[in-house]
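One structure coming up, written as C-alpha cells, with questions to follow.
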Amino acid sequence: VSLTDTFPVYECGVDSSRPVWTFGGVEPLISLTPPALVSLHTEDCFCGLIRTPADRFTEVCTMPFVNPQAGPIEVRGAEPGDTLAVHLLSIEPAREWAASTNIPLFGALTGTSMTPTLQEPLAERVWIWEIDRAARTCTFVPHDTAAPISLPLDPMFGTVGVAPAGAEVRSSLVPGPYGGNLDTPEMRVGVTVYLGVNVPGAMLSLGDGHARQGEGEPCGVAVESAMDALIAIDLIKGVDTPWPRLESDRHLISTGSARPLEDAFRIAQADLITWVGRETGLGPLEAHQLLSQIVESPLANVCNPAYTAVAKVAKGLLPARTDRYAGVHERWRAASRAQGP
Amino acid sequence: VSLTDTFPVYECGVDSSRPVWTFGGVEPLISLTPPALVSLHTEDCFCGLIRTPADRFTEVCTMPFVNPQAGPIEVRGAEPGDTLAVHLLSIEPAREWAASTNIPLFGALTGTSMTPTLQEPLAERVWIWEIDRAARTCTFVPHDTAAPISLPLDPMFGTVGVAPAGAEVRSSLVPGPYGGNLDTPEMRVGVTVYLGVNVPGAMLSLGDGHARQGEGEPCGVAVESAMDALIAIDLIKGVDTPWPRLESDRHLISTGSARPLEDAFRIAQADLITWVGRETGLGPLEAHQLLSQIVESPLANVCNPAYTAVAKVAKGLLPARTDRYAGVHERWRAASRAQGP
Amino acid sequence: VSLTDTFPVYECGVDSSRPVWTFGGVEPLISLTPPALVSLHTEDCFCGLIRTPADRFTEVCTMPFVNPQAGPIEVRGAEPGDTLAVHLLSIEPAREWAASTNIPLFGALTGTSMTPTLQEPLAERVWIWEIDRAARTCTFVPHDTAAPISLPLDPMFGTVGVAPAGAEVRSSLVPGPYGGNLDTPEMRVGVTVYLGVNVPGAMLSLGDGHARQGEGEPCGVAVESAMDALIAIDLIKGVDTPWPRLESDRHLISTGSARPLEDAFRIAQADLITWVGRETGLGPLEAHQLLSQIVESPLANVCNPAYTAVAKVAKGLLPARTDRYAGVHERWRAASRAQGP
Amino acid sequence: VSLTDTFPVYECGVDSSRPVWTFGGVEPLISLTPPALVSLHTEDCFCGLIRTPADRFTEVCTMPFVNPQAGPIEVRGAEPGDTLAVHLLSIEPAREWAASTNIPLFGALTGTSMTPTLQEPLAERVWIWEIDRAARTCTFVPHDTAAPISLPLDPMFGTVGVAPAGAEVRSSLVPGPYGGNLDTPEMRVGVTVYLGVNVPGAMLSLGDGHARQGEGEPCGVAVESAMDALIAIDLIKGVDTPWPRLESDRHLISTGSARPLEDAFRIAQADLITWVGRETGLGPLEAHQLLSQIVESPLANVCNPAYTAVAKVAKGLLPARTDRYAGVHERWRAASRAQGP
C-alpha cells in the first residue's frame, strides 16, 4: 500500500507572487489536518538566480532576502504547547545543477556585518556544481585546477521552521527555538523533526535545500539546490519541545542555536540531558555524566546570525524505547518501509 | 617481526617524586633518538586519588594540579620548525575501574572560575566505572537508578603535548598550538599526531587517559583511567605544524583551541584548508568551498581553559596521497599491521 | 518662547487595551509630521505590576512580555534610507517609587535560557526603591542591612526603537540595528538619538524607563520606573544610519548590539570610525589609529538577548563641526536652552 | 620631607642583555624589602625599534617578543596568599616621540591568529607621535590629511604583573589573574594596584608604557612610549586578591581578563561584588543589586590573547572606609601629597 494512498497529499511550493522570507508574520499558503503528506517544491536559497559563474550574488540577490520558504503550512489543531512532527520521506534535487558562492562578508572565515573588520572582503566566486541523480553524485568543478571532484549526494533542508513565540518574526536566515535556518546535515531523509508549536496552526515552512553540506557550513553556503520532496506532517498534542529535535533510526538529536558557539553547544547538551533523562529515568546530574561519555557533538552551522550546535546520542547505547513522542517516528518509518523503495 | 624488536623501546611513566603539571618548564625524564618506541604508563587525571564514591575531588585534589604527565620525553635532534609525529600503537586501561566526578565550578553546564555566576555550585558526585578489558566495556553505575549501562571501551589520551613557544609554560589543563589538554576522542589507537616543535628536544608528554569520552566532554570529566600504552615517536625535519593535527587511516584531522568556541572552529577549519590545499593543489578559496561541503566538525572539549574544535575530512573524498609528512603515518601503520594483533 | 508653543505637541502613552511588546508588526498608535514634540507616558518594564517586595516577577509577569512600549509613532514622510532623530527634552519618574528584582535565569551573573547551566536559579528578591523628585535621588533599601543608600537620579529610557528591516519583528527585550532594548545610561535628557528608518513611517516606540542604571546592567534589571517625558522628533531625509547613534553636547556615541560581547564592541567601534571619518576626512586606518587613543568604551547591557557596547568620542578632541545630521542636535539644544529651565 | 628621603629607592630597568618577555620563569633583576620605592625605566613595547614611519613592525619585531619587562623585582617576604600593592607615583615619557602602528593580524578590527579569516591583512602603517612634556600633549600626525591633532598626555603602564600561579609562565602579551598586559588607561599616576602573590618574592615586573590609550585599545597598539617612573611597593600579608584590583582616590576598580569579552565582564563584576560586599556588609545579591545601578564598566583591551574588562564604583556612593587593604592607598597618597608636586 502506498503512503500517498493512505494519507491525503497536499501540494506546497514557493509562491513567487508572494515570496516568504520569514518565519512568522505571513498568512498560510495551504492548510491541512494532520496526519497528512505534503508534496513539496522548494527553490534554492538564491531563488534560482545564480545559474552560471557570472551570476554574482551581490548583483542578483539582496540580503537578507535569501532562503525563500515553501509555505507556510497551517496545521489545523496545532496550538502552543503541542509539538509538530515532520517526517522527511524524500528529498530530491530538482535540477541537473546546484550553485554555491562566496557571499561577501558572510561565512565563518571572513569579517561579517556582525563581526566587522576593516579588511577587504574576499573575492566573490561562483561554483556551479553538477548533479547526477542517477549516479547520486554532485561534482565540484574548481576554478583553478583541472580535476573535478565528485561527491555523494546527501540531500537535506537547511530551513525547517514554524512561527516564533512572543509575536516575533524572524528572517529565514536565522535559526532559533522555532527551527529555521538550522543548516544541519542531519536534516535528511528518514528523519523526524520535532518543533514546538508557538501559534495556532504552527505555520510550518521549509526551504534552502542542499545537495550536500559540510558540518558547520564554514563558507556560509552549501551545494544549493531546488528540491522536490515528500514530507509527512503529524501533531503531538500536549507535548512541548523547547528547542528543535530530530530523531533518526539510530540517534536522538537535540539542537541549540545562539552566539557565542559555546552557548549553542550548552543549549543542545542541556536539551539532550532533559530528553535522555525522560527516556532513562536518570536525574540531570546522572544523565549529564552518562552523556558526557557518549554524546556526539557535530556542528551544524557557524555562519548564520545564530550558530547551531547538535548534540546526538546513539539509541543503541540507551535502553530501548518506542513510545517517545507518541511513537511517531517509528510509525512513519514502518509505513515508509512497508511501501518499499 | 615485532615492532619492539625493530626499534628501541624506552620506558616512561609518571615520576611521583617529581610530578609534572605543565607543558614546558620541566627537565626531561627520558631522552631518545627517533624513530623509537616508548612503553608508556600514565596515571589518571586525579593521580589515582579518586577510588571510591567517597573520594571527593575537592578533598583529594587541588586545581590546577590535575593531568599528571608522563614525561617529558626529550627527542634528540628536534628543533623549532620541525614536526614531531607520535603514532599511538596501543592504549590499554591499567585498572579494573575508572573514575569520573563533577568538579565543582568546572564543565560546560555550570558557572566556572572563568564564567562566574552567583549561583550555588552543582552537587559533587563521584562515579566509579567498571572496566572489563576482556569484554572491551566500561560500565556506568548510576547513583539514582538500578540499572548499570555498559558501553564500549574506546581508550584515548586527553593530553598529548610539547613545550609551548615563546618561553611560555602552560598548565596540563590547557590545550593550545602545542597540543596539551585537547581532550578529543580522535586521540585513539591507530592515529598519528603531528605537533610543531617549539624548543630543542620538543619535550613531549602524555597523560589524562580516558576509557572513553563524549565529544565536547560536557561535564568536564571523562571515564578517567590510568593507561599502559605503546607509542612510536618520529621526527620530520624542516616541516612546520602550527596547530596539532591527527591522521588516521580514514581522515585528516586539524584542531584549534581557543575561546569563544567559534574561534576554535575557525582555527581548525583554516588549518584544514591549508592542509587540503597542500594535498590537492587547490587555492584557499577553492579548498574552502570544497571543505564547506565535506568537512566533519565534531567538538573535542568545551570545558577546558581553551575549548578545542576538530575539523576532519575523509581521505576517500580527496585524491590519493601517501607522501604527506614524509609518509610517516602509512609507514607506522604498515609496520603495525605487519606484526599482527 | 516655549518649545511647546512653537511645535505641535502629540500625546502618546501605553495603550493598555493593546499592549505593544515588539518593534515592528504593530499598527501605529499616533501619526505625526516632523518636526514635532511628543508628550510621552511610559509604564515600567513590569507594566507596573511589581509594587511591593511580595510581588514576584515570576508570579505577576511572563517572559518575554516586558518593556511595554509607548507607541508606535508613525512619522509621516519617513522612508527607508532616512534617519529619524529623537531629541530627549525631559524624562521624569512618574511615581514616588521604582522597582527592581532578580529575574530568575536572566542577567550576567547567572545561567540563563541562552547560557543554560544545571545549577539552581538565584533566589528571587524584589527591591522597591524610593524616588524623591525634589531631592533628585533614588534610594536603595537593602533587605539584609539597616542603612539605605541614596543615589542621584539619572533618568533614561532603556528602549528607543523603530521597526526592524527585512520584515522582522523583534521582542522589546532585544536591541539591534533598529535600536530597541539598548539599555544604555547614555539615553538621558539632552541627547539626540539617530535611528535608520527601515519601513515607511519609521514606527518609533519608547519605554523601559530607568531612574538610574549602571553600565552593563549586570543583574539585568535597573531602577525601573514609569516616566513622563517630552521628546522632539525630527527627520533627516536621504541620510542612512546603520546602527543607533547618540549625540550629546560633548560626545559622539555609536552603539553595537550582538553576542559575543566583542562583536558588539567591534560594531560600535567600526561605526564610530565611519562617523569620525566623515567628520574629519580621515581614512579608515587613520581614524582607527586616532580613535584607538581617544575612544571611551563603556558597556550598555550585558544581559539582553544581544549585548550592547558603546563607543564614544569627546567632540572637544575633534575639529569643530555643527553640520552633522543637518545640525539637528545643535538646533534642538539651542531651542531647549532658549526656553529656559 | 621627600618620599625618596623616607624610603629606600631602588633602580630598575630593562636589562638588554637578558630581555624579559614573560611573567614568571625569570630570575629577579633586583630584590627589595617593602615598603620601598623603585625608580623605573621601561622601554616601549617595540623595544624602541620603531622610530620612523619606515620601521615596520614585521621587519624589526617578532611576535610574541614585545612588551619587554622592567624587572622582575623580588619582594622579600611576599608569599602566596599575600597581596602586593604597587602605588604609581609618577610616569613620564622618556622621549620626545612615541610610536604606534598596525600590527598585521592583531587588533579588534582585523582577523588574527586566534580569529583567522581568509582575507588579506590590513596595510601596515607606522605613526610617530610627537610628545611635548612641557605642554602635556601628544600629537597625532595623520598620513593622509594635513592637520595634526594634539591630545592630552595621560601616561600609563600597559603591563603590571607578578609571576602566575600553578607554575605557569605567560607571555608579556597576555593579561590574567596575575595582572600582566591589562592595557587599561586606569593604570595611571595616583593609583594603587593590588596583585595577589603566587610565588615567594612575587616577581613583579612592569612595562609597555603608553603616552595615552583609548578604552579597548581597538587597533591593538597605543601611543607607545619608553617611560621613567617612580613607584612604591608595599606588601599586605595574609590578604588574598584573586584578580587585579586598582584603587584611585575616587574609585574602587576590579578587572577581569578572559575571552569571550562577556566572561571578562563577569569576572570583573563578580570581583567587585565581593569587594563592595566586604566594604558595605551587603550580601552578594544585595551588592549585585546596588552595583547594577551604579557600576561603571569601561573596557580595557579587546585585542590581547585575553580581553580585559573593568568594573569600577565611585567611592562617594559607598559608605566611607579607609581601612581597606590596611589603608595602603590612603597612606601613599598622603605621603605623596605631603611632599608637594
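Read from first to last, the chains carry the letters A, B, C and D; within each, the first residue is number 1.
One rule holds for everything that comes next: a residue touches a chain if its C-beta (ideal position, glycine included) is under 8 Å from a C-beta of that chain, and two chains touch if they have at least 3 such contacts.
As the structure is a computational prediction, the values presented were derived from the model and not from experiment.
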Topological distance between subunit A and subunit D, in contact steps: 1
Most distant chain from subunit D, judged by the mean position of its C-alpha atoms: A
Chain centre separation in whole Å, for subunit C relative to subunit B (CA means): 48
Separation of subunit C from subunit D, taking each centre as the mean of its C-alpha atoms, in whole Å: 33
Chain centre separation in whole Å, for subunit C relative to subunit A (CA means): 36
Per-residue overlap in subunit B, given as positions that touch at least 2 other chains: 109, 115-118, 122, 259-260, 266, 270, 273, 285, 288
Sites on subunit B touched by subunit C in the complex: 109-111, 115-122, 260
Subunit B residues within the subunit A interface of the complex: 100, 102, 108-109, 122-123, 125, 127, 138, 140, 142-145, 147, 149, 151, 212-223, 259-262, 265-266, 269-270, 273, 280-283, 285-286, 288-299, 302, 307, 309, 311, 317-319
Subunit C to subunit A touching residues, read off their complex: 21-22, 24-25, 64-65, 114-118, 165-171, 258-260, 263, 266-267, 270, 273, 284-285, 288
